[in-house]
Amino acid sequence: MFELGVVYRNIRRADKAAADGLGKFGSATVHEAMGRVGLMKTYMRPIYAGAQVSGTAVTVLLQPGDNWMLHVVAEQIQPGDVVVAALTTDNTDGFFGDLLATSFQARGARALVIDGGCRDVRTLQEMGFPVWSRAISAKGTVKSTLGSVNIPVVCAGALVHPGDVVVADDDGVAIVPAAMAGTTLEAAAAREANEGAKRAKLASGVLGLDMYSMRGPLEQAGLKYID
Amino acid sequence: MFELGVVYRNIRRADKAAADGLGKFGSATVHEAMGRVGLMKTYMRPIYAGAQVSGTAVTVLLQPGDNWMLHVVAEQIQPGDVVVAALTTDNTDGFFGDLLATSFQARGARALVIDGGCRDVRTLQEMGFPVWSRAISAKGTVKSTLGSVNIPVVCAGALVHPGDVVVADDDGVAIVPAAMAGTTLEAAAAREANEGAKRAKLASGVLGLDMYSMRGPLEQAGLKYID
Amino acid sequence: MFELGVVYRNIRRADKAAADGLGKFGSATVHEAMGRVGLMKTYMRPIYAGAQVSGTAVTVLLQPGDNWMLHVVAEQIQPGDVVVAALTTDNTDGFFGDLLATSFQARGARALVIDGGCRDVRTLQEMGFPVWSRAISAKGTVKSTLGSVNIPVVCAGALVHPGDVVVADDDGVAIVPAAMAGTTLEAAAAREANEGAKRAKLASGVLGLDMYSMRGPLEQAGLKYID
Amino acid sequence: MFELGVVYRNIRRADKAAADGLGKFGSATVHEAMGRVGLMKTYMRPIYAGAQVSGTAVTVLLQPGDNWMLHVVAEQIQPGDVVVAALTTDNTDGFFGDLLATSFQARGARALVIDGGCRDVRTLQEMGFPVWSRAISAKGTVKSTLGSVNIPVVCAGALVHPGDVVVADDDGVAIVPAAMAGTTLEAAAAREANEGAKRAKLASGVLGLDMYSMRGPLEQAGLKYID
Amino acid sequence: MFELGVVYRNIRRADKAAADGLGKFGSATVHEAMGRVGLMKTYMRPIYAGAQVSGTAVTVLLQPGDNWMLHVVAEQIQPGDVVVAALTTDNTDGFFGDLLATSFQARGARALVIDGGCRDVRTLQEMGFPVWSRAISAKGTVKSTLGSVNIPVVCAGALVHPGDVVVADDDGVAIVPAAMAGTTLEAAAAREANEGAKRAKLASGVLGLDMYSMRGPLEQAGLKYID
Amino acid sequence: MFELGVVYRNIRRADKAAADGLGKFGSATVHEAMGRVGLMKTYMRPIYAGAQVSGTAVTVLLQPGDNWMLHVVAEQIQPGDVVVAALTTDNTDGFFGDLLATSFQARGARALVIDGGCRDVRTLQEMGFPVWSRAISAKGTVKSTLGSVNIPVVCAGALVHPGDVVVADDDGVAIVPAAMAGTTLEAAAAREANEGAKRAKLASGVLGLDMYSMRGPLEQAGLKYID
């Protein structure tokens, strides 16, 4: 947050198995498994529907209207990473397009999460390189002011340390601190384990009121039925 | 609007034939047929394109970050209903996901209209359960504060009484008071009756200026053509 | 901007070959080719994905909640035109739907760009008539107050003169002044000429840092690497 | 909500003593006294600070960019009324200025609450005529399309029937249904009765934790203190 | 709009008497006098209440997060000017503070209108240098990318040519093209001439319905009174 | 960010002299002194103009529509603290009013910074207890769901650790990490030291172009003057 003009080359990435495993649960389950925290703001939307990824964060802090540091962060990408780009201020310019995506993809990045704008969205979809962004914008950027790479950043309201796990899908983007990746994976798996049984019950017409034993608490809270 | 902690079990639903029939006309035609009123705000968007539904409203008033009452309203759903969820304040949390959708669908609900957030959107699309919402959000909710079921609510700027007809499609969401359902159906049908002829004329190159006899009124209003 | 109640019938359209040619480059490349100017605000979105058009602007200035002038502008459309509709104030009503689209299409219009709302979006997609708008809204409009046709307008933050070239795609909407259409076409072509080579290099793993010789300037700007 | 082109001349106003009495409690206390409901959206702000009013609602529904019905509602104002102006769509134009304020004030209106824009704000402050609005705008309006007077309206998310009590201050705008005015006044008075004692305790350093006996419930909810 | 990196030194300013005279009428009257056009968006607000100015525009186009060109425009200011700063994209950074204000004031500028952020607002109020801005922000800016000075710009939705008249007050900001300054001044004066008489009538209880002879047109439009 | 239901009682506050000293420089200077970082979003506004404070942060994380933890944090306040309240989601309810302010003030708090709503604003101004908030709202809250106290939080886009220095004034809110308080104070002092000289020069008519030696760099960047 507070150092400009620096690039940290050595970061501790979350356990790879955990980082990979969290992806299949999706952002909603992962965020619940952490205790209902860790989500980015809802204005972060995928540029195309259906992508679901997880990976380890490499972070970058950008200046408004300036994408210079996206070239710097490219060199720090390792296979399995997701680039998380924060900004020093609100700005929707098109910091990222198909050329940078080609480079990121070549380095092994799985996705970009950017609290700014993105362009060439049709080409990105054809390439299969998903982006979660605050805007789509054809607006170009300059390359003249330094930001930083692999410092902790606040992206769309979420604190992201380099190496944290990023889980992104159609519902949004969740961040799991690297140290919590393993326990969160277990909690997510446990949470999903009995979802099938619940779904079957609800599909058969059983009410959540009964399945979750809510009638007592509701009555105690004062709920009144009127015919 | 003004009673918290109550569930009205007996509501007078709009005539079923009218409620069903209005769906095929869509929100734009229905709103015109009522005299250009009855629409929700434009921030209400379908979570996937192409759904077009109508049905009778069961209403629920939710507290911010709390989806307890969605379980309560589930029990009041009858086949052909559309659940309309209003909030006591602006909040985009993910009140609704695939488990509740399974339950609503099992009860015969056709859709949810919610002035809050929705999650599990990919699964909802696979299930064919359409939702119109103000946001998509992975954010979970608690179950601790009472709202109400089947009271009149204001949802996204529109007043909805239980039993009113809800018409929703890619253009938005329209509400038809139960007592006006029949006449609105007739007016919508009349409105559409001559659309085909109009469309054919316009497609052949006839101008709306002539088809609607606008040249006189435009001249009278002072319109000047400059070569 | 400053004349209400007038329709200019004779406008100087940009060179047709240039207007047509610019479309294939898309809004991002065209805006870069002009020196990174000329874009509308990012809230302007296509009502369906995948459309990419260019054409010469016929402009119209609308009053809030009033689409009367869209019928007036229809008569001024020539094949290859794109209608650009500005408003005298912020308003998201559904000024445009399938009937007007039928008329516009019959006159040879390629698209509509409107700083207001649009409805009948499913039918418009079936017709293949693309619209870039600030909102989707079922709300109908009246026909009672004059605006103007073919005066210079500000639409979504961009100045548009009648006859200018409009380039619109999934990334947004760019405006090229008629007098700059030819040189912009050349600049866009030049810009794209070496994109293939760049893309191939980046795909092979070459970094932008090296391809664009950024390491020196970054060091000079003070960038520090920390291991 | 659903009738355009009508003016109801005879409305049942809330009890005058209750309507007058509620004003001194302010919007926050009144909304609490009703059970935490009845507030307009937070975007409704006073055009100048410090005004605090209450009165009986006369309602008007306006079309976008059109203030014709404000002249119609003026005739229906009685001393002690507050005019509540709703719109059929989102619009921030300057529907109301010093001339209309002069007329409203002459009729005995205490304030205007409008889900649109207001202008001449300096003069209105000099006149001592308070307005709560969604925007300040110099934009003028036309007089050409009918709305309605004294029908139920939704204004800034709140349902308002003619005759309801409007309570407005620096914190916002609350609506009390006419039938609840008396009981709400009593509840508000009861609520305020022991505020002085509470304030004195808190000022002396007693904590809300103790004054409200929250330590037990917090512990039961699982709160942990870490040294 | 379309030239970056240029400074026009010789601009034709509107007639000084007209530019000065328009100020006393305020933005609402001036905008009406032009035919209800020429206003900036309502998000432009004064940093302190009560200022009312007019003057001739010197324009500047800024890049996001970069205030370099504000130093360039300072040199082009002449006494009686108002600086109008547009941006190439949406950005709320604090481009302007007390040091630049000191310089602008020393050059004779009367105000700044900026489609971005402003800081040091307390000091600016003490200095008596009014600013209309889209935001207040402590965020600093860099000086590294060129924009332009005295080209036509779009600022907050309004087209401004260098030399146009700017009229700003608590209601907003209006732009009068230089060539229309004289006639607009006359029209504004004519408009205000009989406002006193109107106000007196309305204050005495005469209704706008009668003063403007609206009863006939309302009846013709179909307005119905219901007792 | 990631622990719910905990209260840290022992936090390391920034050096008191530094925390106190930073206040007089204001948010803009302090943010510049840190290298142009550390600001909250511009939507955070003071509820009344003119307050300027600094102090050490005690932090609290709140759930939407629930102010229970504000009572918990009250006990952790020490004289000279500023309470920083973050939320788990966007919510504008009125979490804070005059009773809590009385308690906070009694404990020695200097201000509240809250990424939610505030009410009783007139009374708070009379009490001299400043609040920076995202909204003013009369909406009440419940007390039923745990958050946390004195964990790191993201408030309005800024990362805040307990013990950090908060600097707030009319321009916004800046956060200085506790470990940087001393050096930031020095840097701020150094920055202000020659502001007086600069101001005098600019007031005498010297241009920033000359005072900052910008003419060369501007020419090198390609700026062209056109007569």
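For reference, chains read A, B, C, D, E and F in written order, and residue numbers begin at 1 within each chain.
Please note the rule applied: contacts are C-beta pairs under 8 Å (C-beta built on N, C-alpha and C of every residue); 3 or more make two chains touch, one makes a residue touch a chain.
The structure presented is a predicted model; accordingly, all values stated were derived computationally and were not measured.
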Overlap of the chain A and chain F neighbour lists contains B, E
Contact-pair count is greater, between E-F and C-D, for E-F
Given over half shared residue numbers means same and under half means different, the chain C/chain E interface is same
Here the gap between chain D and chain F, centre to centre from mean Cα coordinates and rounded to Å, is 31
So, in whole Å, the Cα centroid of chain A is separated from that of chain D by 41
The positions of chain A in contact with two or more other chains are 36, 42, 88, 90, 92, 137, 139, 144-145
So the touching chain pairs work out to A-B, A-C, A-E, A-F, B-C, B-D, B-F, C-D, C-E, D-E, D-F, E-F
Counting only contacts in the complex, chain B reaches chain A at residues 5-10, 68, 71-72, 74-75, 92, 94, 97-100, 102-103, 105-107, 117, 119-122, 135-140, 143-146
Touching chain F in the complex, chain B uses residues 63-66, 88-93, 137, 139, 142, 144-145
Within their complex, chain F touches chain E through residues 26-28, 31-32, 36, 39, 42, 45, 49-50, 52, 169-172, 174, 195, 198-199, 202-205, 207-209, 212, 214, 218, 221-227
So, in the complex, the side of chain F touching chain A is made of residues 1-4, 34-38, 41-42, 88, 90, 152, 154, 157-159, 177, 180
